[in-house]
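I've put the structures underneath this note.
Below, chain A partners chain B and then partners chain C, in two separate complexes.
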Partner chain A sequence: MQEVVKVPQSVDERWDLIDKISRQTVEFGAYKHTLKDAIAELTVKPLTGIPVAIAVIYGFWSFFCDFAGTLFTDGFMVRLFDEHWLPWLQSVFPGGLGNPLYALMIDAGHMEDGVLVASDNCFEAFGVLTSGLFVPFGVVLWAVLAFYLIFAILEDIGYLPRLAVLVDTVLHKIGLHGYAIVPTFISLGCNVPGVTAVRPLETRKQRFMMITLLSVFVPCGAQIGIMQDLIPELMGWIFLTLVIGYLGFGFILNKIVPGKSPEIIMDVPPYQMPTFKNVMSKLWIRTSKFLLVAVPFVLLGCLIVGLMYLTGAMDWLVAVFGPLLMGWFGVPSETVAPLIAGFLRKDLAVGMIGGLMEQGIMTTFQVFTSVVLLCIYFPCLATFALMIKEENWKELLGSLASLVAMVFIYGGLIHLVGIMLGVA
Partner chain B sequence: MNEMEEKFGQIYFAVLGAVALAFGIAELIASAGGGFTWGILDSSGAANPMFLSWRAIILLSVGFFYLSSVKDFAEVHQLAKAVMASIMIWIVAGMAIWSMIAGSIPGEETWFNSLEGFLASYAPPYSPEMFLLPFSLVILYYIKKEGETATE
Partner chain C sequence: MKILLMGHPNVGKSVFFNRLTGAKVFESNYPGTTVDFMKGWMCIEGEDVELIDVPGTFSLEPKDKAEEVSVEMLEENRDCVVVCVLDASKIERGLYLALEIIERGYPVVVALNMWDVAEDKNIRIDVAKLERILGVPVVPTTAVSGEGFKELVSKLKASAPVKIEEVIKNAGGGESAAVSG
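Take a look at the complex of A and B:
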């Protein structure tokens, strides 16, 4: 005969009932740890987990550089676009150097000793059909593929939740939960899904902080891919600067933003073998979504910047913002153009800085400062559109105000450090 | 695993740990002094200078992991340290091999590398983790043994 169970009224009664049920249904005994359990423990304890995390990130980064940089971009794409696609377009497109339509679509050229000369690479040409196609298909696609492939594998193995546990203590110091590492990692691929991934954070304070930090201090895979191709020697310094900014401004935001940062409970699944089908379907979904967002913006960016040059609007902006950029941030006035392009696509803007660097307009430190500024000055249009959706107007204004303050404080500080070191 | 296997594992991974530690220290010094190439051992970091000190930290950790696993080696948590150290070697060495593969496919002047150029990409000198890789595979035997013990 079945036992009649009284419906529990209080919390204590509920717990008593849970105890009773578990005594009847759960078999108690000594659990012998398996090797998998022991490895899982090692990856979350700081003393052993941090070296493991260092090795995993090393593997992540090495694969990214060799896949996107050495093999595809430098190995095949640069040759395809610079030695075949660009010369072919230069020879068949009507108009020639100096023609407005030719400048917009193929090559604006650049001045050398007072003479307008044709560009010899797709970073400098800045036409819709040259840089506009080279940036997304020659560089960014491979960087994003490499990033999402490793990300999907780590996700399916079950390593990411452990990384979250590992960095929990550090992130709590800036008012965030360890889970914040997941949107941060996602943002390294693309800020748009990264911003969406902050939804599980419980309070508005945490979400506001996370969105602000992501949109300012976390460069996307496209941007990283271009940086790796153009300025690999500066990558370490750029990332160090961004990490310091992320933690430093996170700490400050935690102090000044009202609200609570409560704990959240996270599921840490056992380690498991990733399946080929799962990894490939994630890779396909994320990469195709990314391309659908990226390609139109890159093409539009090339067109708008080209039009601004042709109409003289860019010269006006350079004249207006030049003194501020040179005086406060220590970068040449020509940086205005990449900063404007950066509203649409930051990868495109880094490509423009690369073009300026190749023309000898910038010193190494100015390139470094410009790239950091580009990362932190404003989120790209797609991320900004999502911020409007995710935040109320007060939070959005707050994010923008924090952003302006961060750019001026951090950009000025970098310039100051450069002056003190004698490199600015 | 039996006593003999445990004893062998202790000695083997102690030696491997000491070697990994020595490689880590050498790479750390090399990263400060611009790197070195000694016979078939390459610690120049010519391809990716940024990675040299990073790799040094990993090899030092591998050495410590192996050495700390030696005491009571058959115990599952101790064995896990040796397994983790081996996995770290596989990550670093795997990436060194992947770097060779990625560099060997495109040619200097042509789309694809010549056969000579392709093969030359795999010629020595090699970075330290490549020498540790085959020796780290011994852990697979112990993983298998542990699996058998767990199912008994």
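Take a look at the complex of A and C:
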């Protein structure tokens, strides 16, 4: 390789040269306004764009619920697991109720009027082979598939940059650019690629804010899938609470984090017809990644929590942290267990809350509070590992400090609102 | 031989990469899909060639973390051929990056991608003339359908570094008959 030429041109000289070149080689013919342009305009102008955006998101959500929730999970998987898999394992697995290995693998059972009774569904059973398989394969897989199918289509059409333009004004109020909607949407599938997707943001401040907000306030697809199955009636409130938190704490972070949030100029690409091949290829990569990462963690989570119950470690933690949870957040001390599982997998943890709910330990408001807490108290392990990679130690400490502050302030606020409304 | 795919965000570099290597890098229709580099292999005339896909960048003065990756990759691979992927419908913008890379002494092949979009917009480009002025191979491509790829691959070995003074000389004063209302 020959010696590298020192850049001989200034920016102006370079543009001047480009001008000369293009004048000789490019010819712009008369431009016809096409149907594509008309659609493109309709989706970015606020008057028509906002209704379109609402329709798109509503459609997305309906498909998610109908395909994943109603069709696969409720229609098929719940029956398969609760009516066949669980009873079959309960009848053939050696040991039986009260046996430690049986408790770990199949069903720990629960106390009812002082008597240990067997579980009748895979949310309560909490064995490695029951809940451990039901959560990823019975519920979450279908949610993830449904989410990524629609998401890939939206990505390939080129709708996301339009959504970014629409929400730009709102996000600017909290020091973020409309582009932030892209990592946010990606995070709704999984926070891990979401955190990576903040790299195109220009300043450290924006990246820091975005990573912190994502990891705290954006639930992942797995978590949403389980929530939708367990507590569909609370979903609206949960999302509303998270959106308020995202915007509110974004506003505060923007005020206190030093640095600038400059305008980013983003290209809005032309709409394109998605190709079947590319959509399927992305669906396959993302789903297989989910299975590879999630399943071992869910099984491990079941095992760890099961062992903690068996060894009495959980009782100890419940005794230590219970008063704090009860006093500050207003959730029962048993919530310690899902919070522990949540370090590994949020979907598993929400499943455990479902189990507690079915045992009648929690009121509806407590279910709501604990699910919100579970979203915000800590990113899952995989996301946290990535944060260590993406942020320097100062930013990481900052993220953790903001996280603790947000959890206590917001969690306490929710409790307070509950008390004032008389539901807590 | 090593090939580096460079260009603005969302011009189709990842589509190039997937088509040429048979790999499965994410392709999406928004800027910023690729945030890290990706390596893959292809075979040209029996020779194994390494292909590197990098995040989109507007210039060689990086503005964000993803662009930093691209500039680093360019600097780390002094011996590579750069396939500079341009959006044919916004050719001036893309040429800026292409010229910067040419100035640094890399052999370049220019791919005028999204040729179909440019045609839709009624933009006509005199490819032969552009090739004469730049002194590097210029190939119209439509990556999503694979048009122009054979030609592109066949020209990879023909590319050689060009002195920017030559380009300036070839461009002349910029007077042209091709200008039309």
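Observations on the model:
Operating definition for what follows: the second predicted complex is superposed on the first by the 393 of 424 C-alpha atoms of A that agree within 3 Å, B and C clash if a C-alpha of one lies under 4 Å from a C-alpha of the other, contacts with A are read in each partner's own complex, and residues count from 1 in each chain.
Note that a residue touches a chain if its C-beta (ideal position, glycine included) is under 8 Å from a C-beta of that chain, and two chains touch if they have at least 3 such contacts.
Quick caveat: nothing in here was measured; it's all calculated off a predicted structure.
Shared-chain residue A:160: touches chain C; no touch with chain B. After overlaying the two complexes on the shared chain, residue contacts for A:196 are found with chain C alone; chain B is out of touch. Contacts of A:179 after superposition on the shared chain: chain C is touched, whereas chain B is not.
Within the superposed three-chain model, A:9 lies in touch with chain C and out of touch with chain B [touch as defined at top]. Of the two partners chain B and chain C, more residues of chain A are touched by C.
Contacts of A:358 after superposition: neither chain B nor chain C is touched. Legend: residue contacts after superposition of the two complexes on their common chain; A:41 is shown touching chain B, with no touch to chain C.
By the document's definition of touching, neither partner reaches A:315: not chain B, not chain C.
Judged by the touch definition given at the top, the superposed model places A:120 against neither chain B nor chain C.
In the superposition on chain A, the residues of chain A contacting both chain B and chain C are 32, 34. Chain contact summary for the complex, chain B toward chain A: residues 48-51, 54-55, 57-58, 61, 64-65, 76-77, 79-81, 83-84, 87-88, 91-92, 94-95, 98-99, 102-103, 105-106, 111, 143, 146-147, 150. The touching residues of chain A, when paired with chain C in their complex, are 1-5, 7-9, 14-15, 17-32, 34, 152, 155-158, 160-161, 179, 182, 196-197, 199-202, 207, 266-267, 269-272, 275, 278, 281-282, 285.
Touching chain A in their complex are the following residues of chain C: 8-10, 24, 26-33, 35-36, 55, 63-66, 78-79, 91-92, 95-96, 99-100, 103-105, 117, 120-127, 129-130, 133-134, 144, 161, 163-165, 167-168, 171-174, 176, 178-180. Residue ranges of chain A in contact with chain B, taken from their complex: 32-35, 37-39, 41-43, 48, 51-52, 54-56, 58-59, 61-63, 65-67, 70-71, 74-76, 79, 232-233, 235-236.
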